[in-house]
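To start, the structure itself, in structure tokens.
Residue numbering begins at 1 within each chain, and the chains themselves are lettered A, B, C and D in the order written.
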């Protein structure tokens, strides 16, 4: 019985469907993500990327389909239980506790986990937040707020990290720094799904890419394959 | 490890006004003054002050719930009333048993917490929007007041204690520990209310500066974010709701020990809004501000009653509206901010 | 036995102006100021006690008179009236006037009572059957128009009465706080307080803890047996039995009770249920209405279905009075009897006719009582409080209680509470504007002069029948004798085995 | 069960429905559009009743003119409130709740000081209809008619006028509506005025049936709150209509069979149950249902 378990991907999504106001934002979507993968999700506006994330993290309940994580069906699980299972989300619009200090933000995020979290310390150092613990989070620069939110997510020690537009509003330098950080994080064994519009970021990461269109997986492959795909260029890249 | 992620869980932590030596010296002086007051205060002033202090735990509970937890509730008076009635039923039925009144206190607060947890379960696990909770807690007050008001007559009795309907429950014994009776105008009750107030304040201050307290604040600031950090937000809210109710229950027990009487109007519409006024006017984000405003506003209502009572409600309403318009954070909190700004600019 | 008043000459003032004029120029000024102050609501509140206090400061140490009546909040409409009644009585006492009356001894009214009728308590059924002879616009005996006598005393025992009247705002906790303030801080000699029974019950423990002399001046559900408490309002045996007897005789035996769902309504309904079989009648329907309800279409439909001979009304409060216009508009034309409405809340003045057509109430006082002495009383009241909308039953009770207290202090020769209680228990009576009343030593309740008023379609009041002397017999029947045995409780009908027989509840 | 009894029950149902609908509609429109709970709504109803009563007795106007005056007068007062107070609390619903509670205390106690504890009521028009031993108040049937008329009017404004389109756009997405040139502040101002005017109308219409006292507002708002909680703010008109229809169908037979007290308790318990299973109220539920149906139809 051991081999099928090993072949089981970390995350498997089957026939996932969710409609909002008459529009099927996610439409019978199938997806599998292997442990340790770093994958970018791209697609035009309204392709269902953020909805997929909200379904994976449990903010919304799907109308149909199921979500399997580490071999366990988590479709009915409430959001906080999914976090405890190891799925954590960084929201599209930055959501940190602006009124609290950076350190206090982290205190909340660390939960009942006591003792050192080496990865978090490392991340804080890399992202330039280590010296900022006594500053109100709302006073940080926009990109630092984005990074703080990633750190909050990391504090929960996730196995699968969902990053929704982590570089929105960043300068090219900051985008590059974020991309490097994400690659290093992936190198430490965290499975990461990134929704991103910024193709510079996607190229920098240069890993597997999944294209969503009208709530379905439209194409799947390496960056080169996707960029070579005519249909994708038409619906998505062509727009730029 | 405390280095850069320093844990802020100390009483003097950031989640309240009043940090630094000057505050704590002043706090100690006031506390000592209150404890020493029976040496020179008259029985009437003791009774009167005790009456003001009785309500402080209830106010602090709402401060925790609304100011720190972001949940506005008009239900504090309901829990105050439930506790008072349960205490009355237990303590009066067992009046011949030694220690009956302590059993009554325990039963009262326990009952309050259980009812609050049940109500909280329905409301918070349903994940209703924030505005529904104040309305539903108002409805809860109305249910309880309407129900208790029609319990006149013999068929409404528990053991040999009559619920008493609209006229209320009479003959409730004061809390008694050995020979010490915590009656209306006694030094013992006065000191008990002072201790309840001080311990309530310090305990909650410790709580809001603990990890739990920060998560409560996190829930207030961003429910979704906190849930996404792996917290069972609904359970957290029920806990805070029940804790606030327990504090209101403590006030309820002290109140019946003070007045030996309770009736349905102590859970009615007006009673339900008083804690909201205290909390809003003082400053809901600060425990010390709410403590001060609860005592000050009880005192104000009392003085207004003595001279020209017609204006009492009017002044309360005007105060509430003016606070919401000009000091939305509360008067004490706003004054503190002004003072700090002035001090920063002075040198 | 010595009487306290009779040694003074009887001097009859011709009107209120003369009465205060004899008090000297300062008193006249005071009254004008009071009227002025009362006209501006609020200013009256602040100024009136201050003026009374200033006036009192001249003489010996004043008698401190604590009054807690609701001047704001839910019960303001009644509390203001009672506050005014007390103020008027205190002014009269301080100006040297008193009501006729004196000690009648523990056996009840004697020569001074001018009452021939037997107390209707020896045999309820016989009493009820005989009833009183209907007397239109008339009284049983003739009385002089003037009811005030010179007391020969400015104030009481040479001391002015100082009124301390903070406003408890219809709030029970305020009642408790202020009662403690009056007792412990102001050290008052007497407290008169409370409209709702809940307010009375809130402060009665405090009165008992401090052995404070307490007057409750309100019609209520009855049953209080408390050594320190004196009740001057009418109780069920004085109102419910007479009105039922009249209604059954004139309209028939099928009774439908509509009552407020709280102590007063439930206990009064229990009285009606228990008394109906004795009067050869039957309660065919009963409904209890929560105090917060103000829309009555379902109640009206149920009454129409039941087709009673008449309605027994124990609804109360501002929400409930909406019933009358609604029922009238729905074409409900049944006669109604009550012990409370119109005499207490003057619904006949507040609602446009004919909402209260065919309404009957037994009252210890109403502004419309057509006797010359009452007309004089109303005139004096309005001279002091020109804007008073109506002189209701409870305002009169407060007025009588204040005079009764002054008489008791004069008799006791001191304001010491235990002695004053003894004086009150000696069988003291006064001749009030409404008629003779007598403080029953055993129960600490007043015997009452009860009139049955009828409201017609133009909302004019006619007095159909009167019972000049009805004793508070119920708690005495249960063995209460406060003059002998001190008690501190309130009895409810369920504790009376007689009532237990009729204890079926609402269905 | 005979026919007259059913007719009587239907009459009571209509009466209950009208009361709930008129008490709650204004409150719900304000909640739906501005996202603010006006705890002073009961006091606005009180102001309406006072306006009608004073106009009737002092200015000797005919009753319909008095009611119209209440509608306009309280609407104007609502505008004033919006300009001075409500405007500051658009994004702070709890703050608005507390501030409007302050207003409600000011209004009721101010009225007590200003005009005393009670006014003489307007005489209730004596139109009586009789049927098989029951008699029905004609004025109450008129109230029912008025409530239906008000709902139809509100519906027409909401769905058939330019103002309604803009209002609905503002409800859905204020920022977007603003970007499209809708003056959302003006929409909020007019909506609050309209909600207040409805309160004034309710007060005016019920003035002949109630005691005119400063604290009368509370007898309207307790049921209004329940209606609002059950109805939800997603679609005020549908919410008010369905919620009062449901609640009247619970309170009318319960009151008729077991008395008014159980009728009231039934209302309160219904609210608790509804809220547990439909947190966004009936109108939120219908909205979801509609969306799901549209989604189903499209695929």
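The definition used in the following text is that contacts are C-beta pairs under 8 Å (C-beta built on N, C-alpha and C of every residue); 3 or more make two chains touch, one makes a residue touch a chain.
These numbers come from a predicted model, not from an experiment.
Remark: the per-chain Cα centre closest to the mean position of all protein Cα atoms belongs to B. Look at the CA centroids: the one farthest from the centroid of subunit B belongs to A. Between the CA-based centres of subunit A and subunit B the separation comes to 43 Å, rounded to the whole angstrom.
Centre-to-centre spacing of subunit B and subunit C amounts to 39 Å, using the average Cα coordinate of each chain.
Between subunit A and subunit D, the centres computed from C-alpha atoms are 46 Å apart.
Per-chain CA centroids place subunit B at a distance of 33 Å from subunit D. Residues of subunit D in contact with two or more other chains: 109, 112-113, 218, 222, 261, 264. In subunit B, 142, 146, 150, 310-311, 313 are the positions where the chain touches two or more neighbouring chains simultaneously.
Multi-chain contact residues of subunit A, defined as those touching 2 or more other chains: none present. Those residues of subunit B lying in contact with subunit C across their complex are 42-45, 47-48, 51, 142, 146, 149-150, 152-155, 162, 164-168, 170-171, 183-185, 255, 258-261, 263, 265-266, 270, 301-302, 305-313. Per the touch definition, subunit B reaches subunit A in the complex via residues 1, 4-8, 14, 211, 214-215, 217-218, 221-222, 224-233. Partner subunit B is touched in their complex by these residues of subunit D: 31, 37, 85, 88-89, 92-95, 97-99, 101-106, 108-110, 112-113, 218, 222, 225-226, 228-229, 261, 264-265, 268, 271-272, 275-277, 279-280.
Across the interface of their complex, subunit B is touched by residues 41-42, 45-46, 71-73, 166-169, 171-174, 176-178, 180-181, 183-185, 196-198, 200-202, 204-206, 209, 261-264, 266-267, 270, 288, 290-292, 489-490, 492, 494-495, 503, 505 of subunit C. On the subunit B side of its complex with subunit D, the touching residues are 66, 72, 122-123, 126-132, 134-136, 138-139, 142-143, 146-147, 150, 269, 273, 276, 280, 310-311, 313-314, 316-325, 328.
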